[in-house]
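Quick heads-up: structures coming right below.
Each of the next two complexes has chain A plus one more chain, namely chain B in the first and chain C in the second.
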Partner chain A sequence: MNSIANGILTRLARFRASVLSNYLFILPALAMFLTFNVYPFYKVLNMSFFHWNGIDLGGGTFAGLANYKEALLEDHTWWYSIRNAAIITVLALTLQNFLALVLAWIVDRGIKGGQFYRSVFFLPPILSGVVVGLVWNWIFRGDAGLLNNVLDKLGMSGWAHAWFSDIRTALLSLAVVHMWKGFGWGFMILLAGLQGIPRELYEAARVDGANEFGIFWKITVPLMIPVFALVSVLTILGTMQLYDLVVVTTMGGPSGHTEVPMFTIIRELTENHRFGYAASLGVVFGFILVFVSLIQLQLAKRVKAE
Partner chain B sequence: MSGCKGRFNTGRNEILIWHWMTDRHKAFEELGKKYTAETGIKVVFQLIAPVEAFTQNVSIGAQTNHLPEIYGILGDTQIKASFIKAGHVLKLDEYLDSDNGAWKIRFYKEALETGYFPPVNEFNVPQGYYGVPIDVMTIPMIYNKKLFAKAGLDPNKPPETWDQFIEAGKKLNQSGVSGFVSGWAENWLVYSMATDLACNVMGLEKMLGTFRGKVPYTDPQWIEVFSAFEKIKKAGFADPSIVSLINKYAEQAFASERSGMTFNGSWAVNVFEGMNPNLEYGVFKVPALGKKFPRTVWGAAGSVFHVNAQSPNKDKAVEFLKWFTAPEQAKYLLDKTKNIPATKGLEKSFSPIMNEFASVTENSIHPSRFPVTEDPRVIQVFGKGIQSIMIGEKSSVQVASEIQDAKEKIKDIGR
Partner chain C sequence: MEKSEIRRKSKKVISAIIRHGILASVAFTCIFPLIWMFSSSLKTQQSILTDMSLVPAHPQFSNFVTAWTEGNFGSYFLNSVIYTAGVVLGVLLIASLAAYAFARLQFPGKTFLFYMFLSTIMIPVPGAIVAIYVLIMKLGLVNTRLGYILPQINGSLAVALFILKPFFERIPVELEDAARIDGCGRIGIWWNVLIPLAKPALAVVALFTAITVWNEFILAQLILQDQSLMPLTKGLLTFWGGRLAQDHLLMAGATITVIPIILAYIILQKHIIAGATAGAVKG
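Take a look at the complex of A and B:
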């Protein structure tokens, strides 16, 4: 009886030691996660319930849900900035990713100079947003802009105007700059996805008499669904958090027509010194992003299952 | 947190200075080295740019009690007041008044008042001086003399009235350049010109009455101010990109002689010299829109350094600032950066163009000297409104009404 009890106790001790050592191994990662993710989120959430200019001692005055009320119901500028970001996001999800897919598909087919194109297409994403903004500002300028000069040379001077200053074209121009800068990411991820598809599947389909469109539609697209989902989520997150290009090209103008959420949040912090309100905008924005990403992933799962 | 000593607030023999002035950083560093050589006290100028990053750093420094010995505060008077009330800014009266006020009389009065709170102020800050001015700026209109002559305008007679300004702009436009450019994507620049016009039309007191909430923005005189921008729009001579230009691009457009007039600050002397040393230009006040009140210019205020009241090195920091603002060092900065110094007595060293900038500071205004300031959120709606007028989206009456709505709403929400 004693030996059985001893055996159980020894096993229990070993189990405890093993569990303890397992926890010890994850402790550094857990500590980092708590320090750099959970605690800042808690602080932002906490701050969002206060009126605070970021300087006054004592962390400001308790505001209850006033900041959220203002953000959700009263601040039209904020929702207009979300609308602007949503438009750019839709354009990026469709045009930018379509372009990225077409180019990745072409390069995947082993065209001559594929390595060169890979490098060239990946150049815009690694350039600083400030540099890209400066270059495109010069292209879209109203007086000495490159685009207007080209239009003039082509006899289309009637089309020339100040692209960033006209409310009909300002947001679209900003979207063009953003998509130009961002399509390289999608290109690289989609290309990696395409190259991960076993070649035998294509060969077997060809032997069975499938044409190129059929191969693409029946083999490439279904196998690429997880990659499309990843690219879409990254596109949404990247585009909705657009900031640097806006500062360098339009400063949110003309008259707020190119303001985006990050621009609004940072302005509340640095110009208006409303830390509590900026925190509430950050929380609302974070939930919107999580919500949209979850929908995106669910849609991708459903399409894949079908 | 507020009770513990910050990282920078240890008792080391070093003065750390945070600033945002990219154009002056090298000259600052040279002076820092000179001071170290003379006194053995290490001086470190830390440049934090752009201004958004600087503002964030200073705010975080205040929140965590990690401010350096000397720093700048970029923000409206209410923000400066918050720093003072939180105990982050040293009151300088006793230092300025010591030795029969030897340090105090070194500065231009208006420049020193940039860091001054009067006995009665809406922020409840104890009366006193809380900042040391380094230089002063002024933001007038600037015109290209060569382009004026080419357009058939007298290069020695810049516009004095708004109608003359409109006519000059049209003529410049007809001669193949844009008549006027400015970085009006940046709110403060639009706002400063509009407040110059407002002072000219209704006088300073009435304008301050608006800030106090006693005169609405829908007042006919405010609408007259907004209509001035409508006139620019209708005349069609401004740079087509004016509402989406940041000031740096506007400076480039003017320096490269693509525009005949601009609204810009005295710091542009240094900028233009770097971009186009042969640029021939002159300075004039924002043209008169009204007839009753004088023309004003934003100015006689500029970069101000504050001393961290919680630093054990605060006395050393004050001593350094005394040395830093002495005529010899001020002259060095003047030569290197072409900014008008806050220290008096160097007028003979001004270049002719700097003298022109200095000469328009009569009747200068600046929010840091106003007893009451406008809420930055109202200023944002104000700037956007003028942008809307400039692109033909809204009328001056609509804009006035929107600004007033914003002011009333903000009064309810609070900050």
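Take a look at the complex of A and C:
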């Protein structure tokens, strides 16, 4: 009797030990997750209620909602930077994704050299934002820039100016570079989506006498709505958090006309040493991003249902 | 009859010309800035502002030597290699251990923990960079290689898990039996059976991570102030604002920065596209 009970107990203990040791395999990942995801999440919320210069050992003084009051109501630069990012985002959502869709559509229909085009379009997305910014800086610059030179040759020297430092063109130029770097992403995801549509559907429609436009509108678009939603959300998240390009092209200038949210947050942190305030901006910005993404996904769901 | 045939054919040709025209002009704008960068890197400080030719008459390949040595790009390059290697190794090790556990081992809370990891790639926390910076400060890791590597390992973990776990699940369990009979434990099976069989997936993860780390900028901007520790991206920015700032050398530095990426892309394109789209599609 006793020996049976003992046997069960040792087995149980062995089982426990092995299950517990199974956790060892995820322990490093879990430690990373707790340190760099959970703690920062808590810490940024916590910091946002304090005034702190990043140096004082106590972690600063309690600020209540003062940081949020400033971020939401008083800081016009902050909202201007959100406006700037929003403008670029709208351009990217429309122009960039439209271009990506047209290109993906053409490649999906089958064309000689499709593989080559695919590779080339995906080149800008894998390049460093810093390099892309520097090269376009060099193309857009006022004195010896390539673009101005070309305009000069075309007899349009009246158009030539410093694209990145003129208030009228700075934001638009930034948007162009950002879209140049980003459209390959949309192209690749949209193409994958298009290639997932069964060819029989197209053939059946063609037999029924539908033209290319009708096929696109009646078959492709409805099936692609989840993919459109995905690309839109990725475009919004990617564009709103723009940073590298701005640092190497305009530095937020001229006079704040190309300032974007991540740039403002980092400046509050590194230059103004307002850690609590930077944290509250981060929280506000996070809410905006999650909110916009949710709306986008909800809209896609509704359109799909109809 | 013949006329309509000709019309149909010419219509086809015109449509092909238009389609190729669109694709080719976009492809041109993708490649041209890179060619312009390379071409500018071969000019002299005098000719770069006036010489608008694509192939300079006297290409100055010595610019690359100057950028590499005096411009410090040699040191930046080495740093980028160190960071990339460090993060890739860390991600492969940690993610493959965890993916093995999630695919094969039993423990309470498994599903919850897995989705907890995945949630990090779906919920944007732009403010987290502020807290990560504070954390690195508190750990005393500002201006250290480790302080730059650790957060990036975490940054790529979730996508790596997302790619590796299903791949491990598809490997037939029977393949592990032989190893088990030979007396292999879980670690032995992970190392001797799964890792060798998962090489294609591990390659995808490694490339995806490597490109992310090679191009990383915002953390470098915050954490690394010491010039001897900077990777290429921050090095470029430092050079740009520095004493030696000259456009032809800057373009040489930019070329040095993108060459490894472009070479890797040419050779390993399939894996890179697979990893990048997996990273994008995530959820």
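Definition applied: the second predicted complex is superposed on the first by the 269 of 306 C-alpha atoms of A that agree within 3 Å, B and C clash if a C-alpha of one lies under 4 Å from a C-alpha of the other, contacts with A are read in each partner's own complex, and residues count from 1 in each chain.
Keep this in mind: contacts are C-beta pairs under 8 Å (C-beta built on N, C-alpha and C of every residue); 3 or more make two chains touch, one makes a residue touch a chain.
The shown structure was predicted, so the numbers you read here are calculated from the model rather than taken from an experiment.
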Have a look at chain B and chain C on chain A after the superposition and call it: clash or fit.
clash
Examine A:Leu73 and indicate which partner it touches, taking first as chain B and second as chain C; both and neither are also allowed.
neither
Of the two partner chains, chain B (first) and chain C (second), which one does A:Ala305 touch, if any: first, second, both, or neither?
neither
Examine A:Asn37 and indicate which partner it touches, taking first as chain B and second as chain C; both and neither are also allowed.
second
Using the superposition on chain A described above, determine whether A:Asp143 touches chain B (first), chain C (second), both, or neither.
both
Tell me which of chain B and chain C touches more residues of chain A.
C
First, second, both or neither for A:Leu269, with chain B first and chain C second
both
May I ask you to decide whether A:Leu123 touches chain B, chain C, both, or neither, giving the answer as first, second, both or neither?
second
Looking at the overlay, what does A:Thr249 touch: chain B (first), chain C (second), both, or neither?
first
Let me test your reading of the model: by the given contact rule, A:Gly54 touches which partner, first (chain B), second (chain C), both or neither?
both
Common interface positions of chain A, toward chain B and toward chain C:
54, 143-144, 247-248, 266, 269-270, 275
Any idea which chain A residues touch chain B in the complex?
51, 53-57, 66, 70, 74, 137, 141-145, 161-162, 164-167, 170, 247-256, 266-267, 269-275
Under the stated contact criterion, what part of chain A meets chain C in this complex?
19, 21-23, 25-26, 28-30, 32-33, 35-37, 39-41, 43-44, 47-48, 54, 99, 102-103, 106-107, 109, 111-113, 116-117, 119-132, 134-136, 138-139, 143-144, 146, 149, 180, 184-185, 188-189, 192, 230, 234, 237, 241, 243-244, 247-248, 261-262, 265-266, 269-270, 275, 278-279, 281-283, 285-286, 289-290, 293
Chain A-touching residues of chain C, taken from the complex the two chains share
16, 19-20, 22-23, 26-27, 29-31, 33-34, 36-37, 40, 48-50, 52, 93-95, 97-98, 100-102, 105-108, 113, 116-117, 120, 123-135, 137, 150-151, 153-155, 157, 161, 186, 190, 211, 214-215, 217-218, 221-222, 232-234, 236-237, 240, 247, 250-251, 254, 257-258, 261-262, 265, 269, 272-273, 276-277, 280-281
Which residues of chain B touch chain A in their complex?
2, 51-52, 55-56, 59, 62-63, 75, 78-79, 82-83, 85-88, 178, 185-186, 239-244, 246, 249, 253, 258, 376-377, 380, 384-385, 387-388, 390-391, 393-394, 409, 413-415
